[in-house]
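Same chain, two partners: subunit A is paired with subunit B first, then with subunit C.
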Partner chain A sequence: MPASLERGAGGERAFAARLLDPDCAAPRGLRVPAGGSADRRFSVYRNNVAVGLVATLAARFPVCRRLVGDAFFDAMASLFALQSPPRSAVMSAYGEGFPAFVAEFPPACGLPYLADVARLEVALGRAYHAADAEPLGPAAFGRFPQGAWGELVVGLHPSVNLVASPHAIVSLWETNTRDATVRPVAVAQAEDALVVRPHLAAAVSVLPPGGHAFLSALATGVPLARAAEEAAARVPAFDLAANLVILFRSGVAATARIGAAPL
Partner chain B sequence: MRNNLTPHLIAATALATAFSAALTVAASADDKPTEKCYGVALKGQNDCAAGAGTSCAGTSKKNYQGNAWKLVPKGTCEATVTPTGKGSLSPVASR
Partner chain C sequence: MQPPTMPPIPNPARPNGHGRVPARAGAGLKPEHYAEIVETRPDLGFFEIHAENYMGAGGPPLAWLTRIREAYPLSLHGVGLSIGGEGPLDAAHLDRLRELNRRFEPGLFSEHLAWSTHEGKYFNDLLPLPYNADTLARVVMHIDQVQTRLGRTMLLENPASYAEFEASTISEVDFLAEIAARSGCGLLLDVSNVYISGINNGRDPGAYLDAFPMRHVGEIHLSGYAEDEDGGIPLLIDAHVARVSDPVWPYYRRALARCGPVPTLIEWDNDVPAWAVLHADVRRADAVLREAAGLSDHARVA
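Presenting the complex of A and B:
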């Protein structure tokens, strides 16, 4: 910011407001070389800010961008950036509100799964930047005595992020991430996503039936038997064995202890 | 007590059976996971992107006001199959 600009919070607010409104003239007090136009030069700066924010969103939401195409995404992202400029200097955290914006964005209403795909991409970024922790494997779980299995209180890995969706968001994400030519996806197939980064790489997978309810219950600190019953009550097709396989081997669990008896 | 409201849908024996079966599966599959699980390491997102894509044209209006209300998604969403058949673009394209 130039030294001659109005000092203080008021001056900064005015600068920021003009930065986001292309119809505003440049802020007062900008110093330009002789013959230069403050408005034109400020427009260059303003444009770079917008391009940078759109590029940040494009980096965080590559699958959404591929789904709708670059032109549509960039226009949508720039409207979001105008409405929700960054609140933090940490650009990796920018875009948390983008899925909600997409969900309410009328031109995207024909793509009802788009917002959930965006939520999945937010989850990936969160998992990627979450704290490290050594995951528990099947050997660790196998050391508990059988009589205590139902009473195990499991601490989930810090990188665990769950995204439930009535749409096939994992299949959409997968083919748009891996395939040069996307394969057709039956979008009405509900898929609940698990995102976890047990070591260095974040992984996305589809949870078995009831998995979202089961892991969500475990996250509240209830013992394993209780979590299983809550999941079974909410999802009749709950598959306990399949969900335990996920729990034991995908890096979802970081701690386990024998908690208070559930009854 | 909330516990009393939850019907006991899973017997202790069923839990024990599922638990030991899952331990076996998880241990044997430890080296070669068979579930769909794709890793992704995000590309560095902390570059200072002052290079490509940064426009110094000075005409910010174009970038700011791309009129998305008239835009139609033109990405891979056309390969998406909806319950009403292919063509999730139709509601948008009819505009």
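Presenting the complex of A and C:
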């Protein structure tokens, strides 16, 4: 039907389908001045979309980009973007699925730690935009009698993000973030990462043995002693003293109470 | 006791009181400049933010914006609502815009005559639509929903385009004028976009400005484009990567001659320069605004 064909020309569907297909010609129905090319004009829109999405991913995953090089990263990010375009206009949340894509990306299989570094960078982005809360310091915990610490129910700071890895992801992240010339890193060393942003600056650190299990248990709302038992059961090397230092000093706690009484 | 005052007369082109964002030049707010702005308190009319960059739950962007908002008027500029889209507006996104409007009380709120979302996919770009009776009705309906949900009038920005549509039956200027007349919204006149679209589509930017419904204009945008080509003819890219392009300034003066001084934003979103470089373009626009107001620098000093 000519009328419906006319209505279809210039429609979003044809335009949108071709934006994510690098090999496709322009949709029909574009009007360009004499001497101009509809394909060339459409390629500006397609290029703007691709460049914008790759730039967003490059900004969120700078350490991954440094690890593989700009050209490799941009090609990988471009494939991810075509396959998984954003589902929301809030671009700070874009790229949550990138680590899983990296883990299954055959050309990156020689870097088994790359996907976990990407997970750490996802965690940093989440922490950066997480809700604000005043963190509890040692003095706040000091107000509870030490004999009652086992009963403490701790609410973690909204910015807390944990990433467990069999690779040295924190060491890799640190040297690729801070050093002009990267230090050698023993990548086979397992490191569980803690990301927390108590105030404006996010901090990344390696958790002590059992720390991931301990904080994960606390996050479910069980009292401190029970969280320690669970961590010790899962990780025989669980270090209670080192984990209490993290809990009291790093800003990971936002609330603490015993029974029904809040701090 | 203050004597009772007359309620303000609503003016769609000057939403929520023109005094909130003055008829001076302002700058797009970039994270690279947060600290310097807070420390040095540069003299400029306002800051404008991309709404979508401040939609997290918390963190540094909202903390910095809170401090900067205490010292400057604010313009809120959405880039992701897809007002020109075929699909319904995203209610969750509209709610996020409403919350930003509530929290930061911007003097101006604007969005684009464009679409960016199709069937749930967000393209992170301002994409074009044909101008005809069908699309006109749809855009007016969407703007009505925005203004109702936000409880304020908005400004709609003319796009930069690289092609036109055979399905268009209305000129862009007439399309925007009719949207403003039907919806009660104001217009954001992006003079750089007028120039870019004019060159790219073989149309006269001056004629566009001479026909533009200036009574609806509540803000102007200026920016620097990138130059490319298509088979030997120039193709300008709306890149926001440089100082305001030289050919744009005369058209800015031509627009001001018709609409009078209005808040004017210098947009510089990519390859962001040192603050002093961006501020220099802001001051240049301020000087043009003073000319347009009939005030020379000498007259101001006197």
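The rule is simple: the second predicted complex is superposed on the first by the 241 of 263 C-alpha atoms of A that agree within 3 Å, B and C clash if a C-alpha of one lies under 4 Å from a C-alpha of the other, contacts with A are read in each partner's own complex, and residues count from 1 in each chain.
What we mean here is this: a residue touches a chain if its C-beta (ideal position, glycine included) is under 8 Å from a C-beta of that chain, and two chains touch if they have at least 3 such contacts.
Because the structure is a prediction, the values reported are computed rather than measured.
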Practice task
Using the touch definition from the top, say if A:Leu244 reaches subunit B (first), subunit C (second), both or neither.
Solution key: first
Practice task
Check whether A:Met91 is in contact with subunit B, with subunit C, with both or with neither, and answer first, second, both or neither.
Solution key: both
Practice task
Would you mind checking which one, subunit B or subunit C, touches more residues on subunit A?
Solution key: B
Exercise for the section: Could you look at A:Arg40 and tell me whether it touches subunit B, subunit C, both or neither (first, second, both, neither)? Expected result: both
Exercise for the section: Return first, second, both or neither, reflecting whether A:Glu230 touches subunit B, subunit C, both chains, or no partner chain. Expected result: first
Exercise for the section: Have a look at where A:Leu79 lands relative to subunit B and subunit C in the superposition and call it first, second, both or neither. Expected result: first
Exercise for the section: Using the superposition on chain A described above, determine whether A:Ser205 touches subunit B (first), subunit C (second), both, or neither. Expected result: first
Exercise for the section: Could you look at A:Ala180 and tell me whether it touches subunit B, subunit C, both or neither (first, second, both, neither)? Expected result: neither
Practice task
Kindly classify A:Thr56 by the partners it touches after superposition: subunit B alone (first), subunit C alone (second), both, or neither?
Solution key: both
Practice task
Would you sort A:Ala131 into first (subunit B), second (subunit C), both or neither based on which partner it touches?
Solution key: second
Problem - Footprint overlap on subunit A, comparing subunit B with subunit C - result: 40-41, 44, 48, 52, 56, 91-92, 128, 200
Exercise for the section: Please name which positions on subunit A make contact with subunit C in the complex. Expected result: 6-7, 9-13, 15-16, 19-20, 26, 29-38, 40-42, 44-45, 48-49, 52-53, 56, 85-92, 127-132, 158-159, 197, 200
Practice task
Report the residues of subunit B in contact with subunit A in the complex, numbered from low to high.
Solution key: 3, 6-10, 12, 14-23, 25-27, 29-30, 33, 35-43, 45-46, 49-50, 53-61, 63-69, 71-77, 79-83, 86, 88-92
Handout entry: subunit C to subunit A touching residues, read off their complex
Key = 52-53, 55-63, 79-82, 85-86, 90, 93, 96, 115-125, 127-130, 134, 162-168, 200-202, 228, 230-233, 235, 237
Problem - subunit A to subunit B touching residues, read off their complex - result: 22, 40-41, 43-44, 46-48, 50-52, 54-56, 59-60, 65-76, 78-79, 82, 91-92, 105-111, 113-114, 124-125, 128, 137-139, 141-142, 146, 149-150, 170, 172, 174-178, 182-188, 200-206, 224-226, 228-230, 232-233, 240-242, 244-250, 262-263
